[in-house]
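Quick heads-up: structures coming right below.
Next come two complexes built around chain A: one with chain B, the other with chain C.
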Partner chain A sequence: MTEMPVSSAQLFGLCGAALIGIGLYGFIAHRHLLRRLVGFNVIGSGVFLLFGSTGYRRVELGADPVPQALVITGVVVAVSATALLVALIIRLAQLTGSARLPEESPGGGR
Partner chain B sequence: MAFFEASEGPWPALLIGVPLLAAFTAIVTWRAARLLIWSGAAVVPVLSVVLLARVIHAGGLRLPIGGWAPPLGIAFAVDGLSAGFIVVTGLVMAGVLLFALPQFTASAPGAAESRAGYAFVPLVFLAWAALNALFLSGDLFNLYVALELLTLSAVALVAIDGRSGTIAAAIRYALFGLFGSLAYLLGAALLYAVHGTLDMALIAERATADGATVIAGALMTAGLAAKTALFPFHAWLPPAHSGAPAPASAILSGLVPKASFYIIVRIWFDVMPQAAGTIMPVLLGVLGSCAIIYGSVLAIRQEQLKLVIAYSTVAQLGYLFLIFPLAGGGGEPQPWAAGAWTGGIIHAFSHALAKAAMFLCAGLFMEALGHDRIAGLRGAAHHLPLTVFAFALAGVSLMGLPPSGGFTAKYLLLTASFAGGQIGWAIVIMVGGLLAALYLFRPLTYAFTRRGLEEREFARVPRPRQVIPLLLAGLSILLGIASAAPYDILQIGRPHAAVEGLE
Partner chain C sequence: MMPLAFDLFLCGLVLAVAVAAVSGRELFGSIVFFIVYGLLMALAWVRLEAVDVALTEAAIGAGLTGLLLVGASARLRRLQAPEEETGSRKARAATAIACLSIAGLIGAAVLLLDPRAPGLAPMVDCSLAESGVGNPVTAVLLNFRAYDTLLESTVLLVALLGVWSLSDERSWGGHGGLRQYARPGGVLATFGRTLPAIGLIIGVYLVWAGSKQPGGAFQGGTVLAAVWLLMAVAGVADAPRVSNRLLRLGLVAGPALFLAIGMAGAMAGDFLRLPPEHAGNLILLIEAGLTVSVAVTLALLVVGPPQRDLPHGEPS
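Take a look at the complex of A and B:
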């Protein structure tokens, strides 16, 4: 078996960075608010993955538990934020019939 | 942060615990809201002042929670800057809650529960707990949690009246705010990866100008700037702040953006001044200058009072960012060398008090008139003299006329820019003051016009409610008259970079 070109911690970190990029694209490029919210969550997952991977830098010491604890807190925060935003988006869609911001709706620009 | 290690009980945690408990109690028994407001508005500001007194006495406190010292545990760190912000927060919050008492709580025992009334009191207490947690925190991750709690309660406060326009404003705010939080968290993760701790004092000992630290600082600053509505991230602020109910706007405009600004100041002046480089301070200063000019010009063009006040917030927040290029002034330490830093913070304090007073005045005008169109304010000075007086006093502070807190702040910033030979910033500060006079004199001119007085209908507004904005505006003036006290308080635990400048 050949040696991996990157360590597993680096691989997770790079995956996290890639997720941040993908999420950022979705967050900026889409107009539908639910898609933007999904983009936000993908960025969040990327940040958490990157944060988690920093806990495995010094292999001889084992995994550092601090990033794991912080990531759990971060996940809770992200879930609450997502719930609040979903509630707001549903209310906006009920009131206006569109899940886009008024200035970004097709033809409905103010 | 050069703290004198003072032995201290864990009581400052009450500054977070009491409002948090009040928030949850208000959710469970909304009928107790009246009692909660009175006790909260009495207890928490007193605790804030006691904390300030302890800081003045002990010269900065560091409180490891549960007795575990960082890097294993998490610590509160309190110096003059944080204690000052906590006291200002306490004053504004107490004023706003007492102002909102008749508006959002049941007046009669059998009165129906209103959606806004049910939501308002818990959200304000939650925001209060988050602000206090943020100012007490000495740890970057604790700051993140407090910041998120603050953003979520602020977003909900914007959406409180449930019209489609304010819901859209809340969503726009949430998108900016949450994106900012993630950028901040990514920066914090990078700092942890490099330094192995999130305690600000420990990072300050270890930080150098290496690439990862600089990138982390840039990410955090960009995220926090989006939350502070720094130009060009300001687009969310005016609709959000003008769409919320007036007491909520007072908190949103006066206090919430100061929290993210406070973290930017902590990061650059306390944690990693050596990583600031030469471009970042100038860039922040230029964006702040753009905010001053652009926000003021748009404020002049608004027809609705609340929008004028909201655009004025965009402009006034711009001044705060001038401290980054101006800190240090003439290069070599002088007695007044921390002037720009101190001036910026005093500006944050006086703007918090004056802007809260202004939004409360706008709320009273709306109650009396049923709208907030500037052209409809005719005769207001005759019918609501106290409110117009409070509005004018707050305006004096925003324009930076003596003897207000705004004057002291701008004087310190101007002195620093002349002494440092950076005349460009001084021009922006002076032009900003003139533009502020323009957008504030317009509503005042209408308020003092007596023509067409007869046909205007003013509803009665009880006098105690008119006194609250007057007190807040008076405090922002007092900050200028008694400017030595806040100046001295801010020197407690003042970072060296405030004297020597960033770079």
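Take a look at the complex of A and C:
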């Protein structure tokens, strides 16, 4: 097992926190739904990294398997959600000709 | 301090690529950055000694999600959905400030965590001998927290039902709408014929190794799904009809087997409890079933809702 100073776990935790912020920005700032989906996935993996890093605080105990197992579950659920959202976005584009929500399109909605 | 320097560099790279993926000017470029980002994340998981997660992240987070997004952007381009311009500069600045403060708050919470908390690792170590497997992550996934995994395999199935229900009425029962890209004799056509053999072995090995080493049903199943998708994109295999009986059997086999073993546990006392003397074999059985279902479900999720016309335009 490689020796890793505990502060590295904190470093990845902070990286996860920053990724949540970056993903959230992409999710809010864009109107194109596929780009929002990219933001959504960045938020997700930021949460996973933050969670996983908490399982690596005591180096001598090794990595905690419980967060790892939950993150694996989370990654699979995230890809299912992404697949469903992709199908919804394409269906929306087939029906309206636009990959944005109707109320956010230039001419439509409110 | 060498490892810390490497981690710093890796985190910086991950953040830079994430910014590029989120704020890139063009949709396709941003998706390519997202795939790179997924691979770098896999590296970060290796640094956290979570090799099981690294395998999942590389296969699903970067590979399948990337394929889904690339496919979606290609379909949107064919539908000629316009690209977008972002909102006003003021709104973007306000959004950036808000997101920055949220990230700052979460970061502060990270630093406030007790750095010496032992977590649940000692408890898992204690009961590992009863779990029937040597890999603690597999033990948590399929024994200690089997409930989560059972629901997860069900979520996959429900997501696929959702995707299928988006097909229009006359397409129901048709083939999945995956486009084939290969030119005869091209690179993809060659890869589509040579790589599946290697991928098949790697996928099955990952499942088998999962009881003692990093690997398992989800990682192996994803590799198998990727093998089939490669063959489909290269034009070696056709997407099956969604009304195919065998296909539907493959979809539910894993969750059904899992549920049956869980119910057998309920008869003997506790739902999903595996008797320690048979746990190893039962886990292997569940994993085998799950691998098939995960592979078929993931592949069909990427393929998308059924269409009546074959992808190359000939009516079926």
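Methods note: the second predicted complex is superposed on the first by the 103 of 110 C-alpha atoms of A that agree within 3 Å, B and C clash if a C-alpha of one lies under 4 Å from a C-alpha of the other, contacts with A are read in each partner's own complex, and residues count from 1 in each chain.
Please note the rule applied: contacts are C-beta pairs under 8 Å (C-beta built on N, C-alpha and C of every residue); 3 or more make two chains touch, one makes a residue touch a chain.
Note that the coordinates shown come from a computational prediction; the quantities given were computed from them, not determined experimentally.
Novice: Comparing chain B against chain C, which has contacts with more of the residues in chain A?
Specialist: After superposition, C is the partner touching more of chain A.
Novice: I'd like to know which partner A:32 touches here: chain B for first, chain C for second, both or neither.
Specialist: Once the two structures are laid over each other on A, A:32 reaches chain C alone.
Novice: On the A-aligned overlay, A:9 touches which partner chain: chain B = first, chain C = second, or both, or neither?
Specialist: second
Novice: Once the shared chain is lined up, is A:102 touching chain B (first), chain C (second), both, or neither of them?
Specialist: Touch partner of A:102: chain B, not chain C.
Novice: Output check: A:72 vs chain B and chain C. Expected answer is one of first, second, both, neither. What do you get?
Specialist: Touch partner of A:72: chain C, not chain B.
Novice: Considering only touches as defined above, state whether A:56 meets chain B (first), chain C (second), both or neither.
Specialist: second
Novice: In the overlay, answer first, second, both or neither for which of chain B and chain C A:18 touches.
Specialist: The answer is second: A:18 touches chain C but not chain B.
Novice: Could you pull out which residues of chain A sit against chain B in one structure and against chain C in the other?
Specialist: Looking at chain A, the two contact sets intersect at 20, 50, 54, 57, 64, 66-67, 70, 73, 77, 80-81, 84, 88-89, 91.
Novice: Which positions of chain B touch chain A when the two form their complex?
Specialist: 141, 144-145, 148, 151-152, 155-156, 159, 162-165, 167-168, 170-172, 174-175, 178-179, 181-182, 185-186, 189, 192-193, 196, 198
Novice: Given the complex with chain C, which residues does chain A contribute to the contact?
Specialist: Touch residues, chain A against chain C: 1-26, 28-32, 34-35, 37-39, 41-42, 45, 48-50, 52-58, 61-73, 75-84, 86-91, 93-94, 97-100.
Novice: Could you pull out which chain A residues touch chain B in their complex?
Specialist: 20, 27, 33, 36, 40, 43-44, 47, 50-51, 54, 57, 64, 66-67, 70, 73-74, 77, 80-81, 84-85, 88-89, 91-92, 95-96, 101-102
Novice: Quick check: in the complex, which residue numbers of chain C touch chain A?
Specialist: Per the touch definition, chain C meets chain A at residues 1, 3-4, 7-8, 11, 14-15, 18-19, 21-23, 27, 30-31, 34, 37-38, 41, 44-45, 47-50, 52-53, 56-57, 60-61, 64-65, 68-69, 71-73, 75-76, 79-84, 86-87, 91-92, 95-96, 98-100, 102-104, 106-107, 109-111, 113-122, 124, 136-137, 139-141, 144-145, 148-149, 152, 155-156, 158-160, 162-163, 166, 216, 218, 294, 298, 301-302, 304-305.
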